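Look for chain A in each of the two complexes below; its partner is chain B in the first and chain C in the second.
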Partner chain A sequence: MNIAQVIVSSLITAAELGIIAIGLTMTFSILRFANFSHASMAVIGAYIAYSFNVKLGWPLLLAFAVAMLVMGCFGIVVDRIIFRVMRHAGDLTPMIASLGLSLAIQYSVQAIWGPQFLRYKYELVPGMSLFGARITGPQLGIIGTVMTAMICFHLLLTRTRIGKAMRATATNPELAQACSIDTEHVIRVVWFVGTAFAAVGGMFVAWDTQLDPYFGFNLIIPVFCVVLIGGVGSIYGAILGALIIGFAANFGINLNWGPVLSLFDLTSAGSNFSLPVAYKPGIAYMAVIVLLLLRPSGLTKRELI
Partner chain B sequence: MGKTVGSLILLGSALLGASLMAAPAVAQQGEPVKIGVLIGLTGSSAVAGNDSYKCMQLAAEEVNAAGGVLGRPIKLVVQDDEGRPKAGVDGANLLSDVEKVPVAIGGYSSGIALPAGQVFNEKKVVWVTDATTNKLKTIGPYVFDTAGLADQEAALVDFVKADNADKKEIKLAGMFTGNAIGQDRDTVSQQRAKELGLTWVHSLLYTVGGTDFRAELQKVMDAKPDAILTDIYDNDAQVIQRQLYEMGVTNFSMIYSYNPGAYGTLEGKLTEGIKGLDYVTTGPRADAFTKKYVAKYGKVYTDAWAPPFYDAVWIVATAINLANSLDSTKIRDAMWPAAYRYLGVSGEGDKGFNMYGKQAADQSSGREFKDGKLMPYQVKGSTKDVFVFRYNGPEGVPLDKAPTDEEFKKLYAAQ
Partner chain C sequence: MEQILSFATYLVVVTSIFAMMSFSLDLQVGSCGIANFGQVAFLLAGGYVTAVAADHGVGPAASLALATLAGGFFGLLLAATVRNMSGTYWGILSLAMAELLRLVVLNEKWIAGGASGETVKRSVGKFEFVVIGATILIYLLMRVIAVSPFGRVIKLIREGDRLPLSLGKHVTIFKAEAMFIGGAIGGLAGAFYAFENRYINPDDGLPVETFILWAMVILGGRGNPTGVLVGTIVVQTLYVGTRYLTTIVPISADTLSALRLVAIGILVVLIMMYRPQGLLPERRRVFDVASGGRGAS
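Then we have the complex of A and B:
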């Protein structure tokens, strides 16, 4: 097993899931409902970037940047039209609405861009060798961008007025309002940042693999697993959860389980046994079950920071 | 006066009655005969699916220009299987129950051809595919194939051995789709490798339509094979080759494909050196067919398994005319004499069906990618351009008439 390569693959998976999960957990922290349409925002963002890059011929990074801003605004519009009217309707109603929105988005994407697989236009280069692993420029860019985004978000939360307002709203929205914090403005910022982050995550997944209308559906469960492991509502928990899922899934299918199985007489001593790659999602879900059995509330406390 | 009026009324009624009787006959003469098409216009094998559908459309135009079937034109009623078995089954049910087609053609992908074939066979709709999984022999008498099956094509392993004759030991790995045809390829390849004394080091059955194959590809490369046998779909090839390239694999001459056409839409640096065996289109009518295809669509088809669908439409049209009926069982029984007498464009022209309704022989030819183009390739020292693989025994004999019901019962009871 090439450990360096497995670490690289794990970091890429963690970065892609983590940035999407941050938006989801932030929405939950402040709006108090599970937003099933979050992964679909990742899909639309990826397709909008495709239109800018391939149809309009824009450079890829410019397409990503503009698509991110467009999606941030789209998140605000979605909140204004759909979720604002459900502010005081509990958590079940907006959750179900988000599920419907998710399906509507998936089929709209298919209707607009078609069901065929699509790819961004960029120059393909072989990966560079890094401590025995192969990593491409885009993959380094994905990891670096996500780390930068998380640092910036931490600074936003801890060093800015709006960040303090977000933390206050997450802790106690009524008290925050009583302290003259404009909670609706905070919510708009949360939707903007959360949806923009989801879009960035979607673009990175599509850049690293390819675009298809169903990839949001394939993302939603791992993203929820990340949030559950890390602790619902915790940004740092989401990062930790993404790392756990990324490493568990990649190491799980690359490790030789023969020696472990031979201890239970399931294989002969010295034999090699590795899990088929089709089990990769299953390993992630097993990790969720094990960790939630040990810590049902997640690994970190439920707070925005 | 009264008699005159009465006569006029009688004459008018007779004329009206005659016109009413005539009208349906005229409408029936012009009403097209629906032929179902179930093919992947989108999804994992969309490039091949679209090529295949174009071949069918070309054949349908020719059939209609030649007078159609039973004096009526044929109309292709298409359902997109999207490369997903569930969509394929839904499409099969729709074609059978709603469109009520007596015949359906398609199923480029074995993952679609098998479940759709089960639907069509159960509903007694003739199903003509060119998928290659051996399991097609087990479904039933309404399933036909206009290209060879996997066990006939294991000679790719022989091709690899001949191409690496300078090596004392050859280590092989397989990279196939995680569906029926992929499993067939894996089984027959390993078996043939064992027969030839080659070492099999790794098998990968990947998830069709997946987006990230790096972990799987890493395992293949970690096994350090001298040659990798592949059978992958065109959309998956886009991702797999790109990820291999990003992993540092820039020399693809170790890849030998059962379907090199699947790499046909990739840029040159992702395909340089890939070799394989392609189903041939070398029948006496092949050149004329290729010219007509290019004239109509502007470029040649990329997938070698597209032309058998052209032959499928012609065989079906001939069978309907021989049966002189749209009853699917009569059409089924007429498929054997139709194919026996039809001179095809794919293979070497011989499209006769054996007792299973499958090809008695398969014909392939060596290919290699150079500068992004798929070129003919001959192994050093070989003088053959076309390899013919005929089944031994009765399975290798094309029949000129359908088996009897008793024979069908024995054939499918034994599966």
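Then we have the complex of A and C:
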């Protein structure tokens, strides 16, 4: 096992999951329902970027930036049309609606762009070597962008008026309203930023691998796992959760479990046992189940930030 | 004529199997307020137990019983994992556990063939009548549960934990019981599903199947078995009926099947926006109005 390579893969998984999860944890804490359509926003964003990039021939970074803005506006429209009427309907009604929305979006993507795998068009550069690990240009870009986005988001939440209003709304919407904070405006900003972040995450997953109309379904659970592990509404928790899931998934399938199993007499001493790669998503599911059994409230406190 | 008859029988049988799955989901969602997003796991559990049992020469009645138990135990496992956490956690954890089960049957070839699935010999005699009979019985069972003391307690739990707790009802245990019964019905439906298709494979357990079942329950009316039956028939008709659209409209079968799911998704959103109680809403029973007592459902 090449430890440096596994660490690099873990960081990339963590970056992709982290940026999607930040949007989810934010909508979760302010709108107070689990938005199952969040991962499908990542998918549609990735495909819109594909159309700009391949169909219109725009450079990849321009396509990413424009698709991100388009998706941010799409988030506001979705809230305006669908979720605004459910503001006071409890948490089950919008959760089910978001499930229906995710179904509609996922299969719209398949109907529009077809079921085949697609790739972005960009100049391929050979990967470079870093402490014995291979890393490609896009992968460095992904990690760098996500770290920058997280720092910017931290500054937004702590240093700006709207960021403070967001935190106030997450903690106590009635009190925030009483302090003349326009909570509907806060919600619009949250949808814009959250959906745009999800779209960026989707583009990065697709950039790193390929565009697959089903990848949203494969993202829903890991992203929720990240949010739950970190604690709902906690931005730093989401980053921590993304790192935990990223490292657990990549190390889980690369470690030799033989010595561990032989401790419990499951295999003979000295034999090798590694998990098949197909179980990689399963590790995230197991991680969240184990964690919630031990600490149902997640690893950090439940307020925004 | 014979063709039409056999197609009609097929439709009735498939709708019955889905109705059983919907009743099972409705017992959890509509009556007890448990958001199970991994409902399809029961179908998978029941179907695979049936396939493995058939391989080992187990008779039809015993296969059905084993599948029912398997579904019930998966329900208990789910309840034991999520325990008293809130609805959101139910949704996410049940989805995760259903996906784990699918990953296991997909990757462990020794269970039942891995990705290529397993053929199942239909050993049940008079299959159509057994399925339809079982569906009617389960429908009646749902009506009985709704008015039974157990049904009243789980409907109370649906409205929040505090009141049942203050009455000394053990909420977690009642939820586990509801999950066991729901899971058992789902497991039985899974066995029938495997027998009907004479085949089971991991793709039968994709999350999208759960979402279709949710559409049926939501459309019909949560907490009302008759409504759920109507919802199942409507969604199933929409599903099968549009299959022949390719002969009229020039689109490919792939696009059509995608658009069908888009329609179901939009339907769910519209119901939640404009008629969250469904087409045939549950009739809430009100007790003791005359004496000015507080109503209960």
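Methods note: the second predicted complex is superposed on the first by the 305 of 305 C-alpha atoms of A that agree within 3 Å, B and C clash if a C-alpha of one lies under 4 Å from a C-alpha of the other, contacts with A are read in each partner's own complex, and residues count from 1 in each chain.
The definition used in the following text is that a residue touches a chain if its C-beta (ideal position, glycine included) is under 8 Å from a C-beta of that chain, and two chains touch if they have at least 3 such contacts.
As the structure is a prediction and not an experimental result, all values here were calculated from the model.
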| item | value |
| --- | --- |
| Combined model on chain A where chain B meets chain C, clash or fit | fit |
| Partner, of chain C and chain B, that touches more residues belonging to chain A | C |
| First, second, both or neither for A:104, with chain B first and chain C second | second |
| Partner chain in contact with A:9 - chain B first, chain C second, else both or neither | first |
| Which superposed partner A:124 touches (first chain B, second chain C, both, neither) | first |
| Touched partner set for A:286, first chain B, second chain C, both or neither | second |
| Partner chain in contact with A:86 - chain B first, chain C second, else both or neither | second |
| First, second, both or neither for A:95, with chain B first and chain C second | second |
| Shortest span in Å between Cα atoms of chain B and of chain C, once chain A is used as the common reference | 6 |
| Chain A positions touched by chain B in one structure and by chain C in the second | 114-115, 276, 278 |
| Footprint of chain A on chain C - complex, ascending | 33, 35, 37, 81, 85-89, 91-93, 95-97, 99-100, 103-104, 106-107, 206-208, 211, 214-215, 218, 254-255, 258-259, 261-262, 264-269, 271-273, 276 |
| Chain B partner contacts - residues on chain A that touch it in the complex | 1-2, 5, 9, 114-117, 119, 124-127, 129, 134, 136, 139, 205, 208-210, 212, 215, 218, 250, 253-254, 274, 276-278, 280 |
| Residues on chain B engaged by chain A in the complex (per definition of touch) | 42-44, 46, 82, 178, 204-207, 209, 211-212, 214-216, 218-219, 222, 235, 238-239, 242, 245-248, 250, 267, 269-270 |
| Interface residues, chain A side, partner chain C - complex | 33-34, 36, 82, 85-86, 89, 91-97, 99-108, 110-111, 114-115, 217, 220-221, 224-225, 228, 276, 278-279, 281-282, 285-286, 288-289, 292-293, 296 |
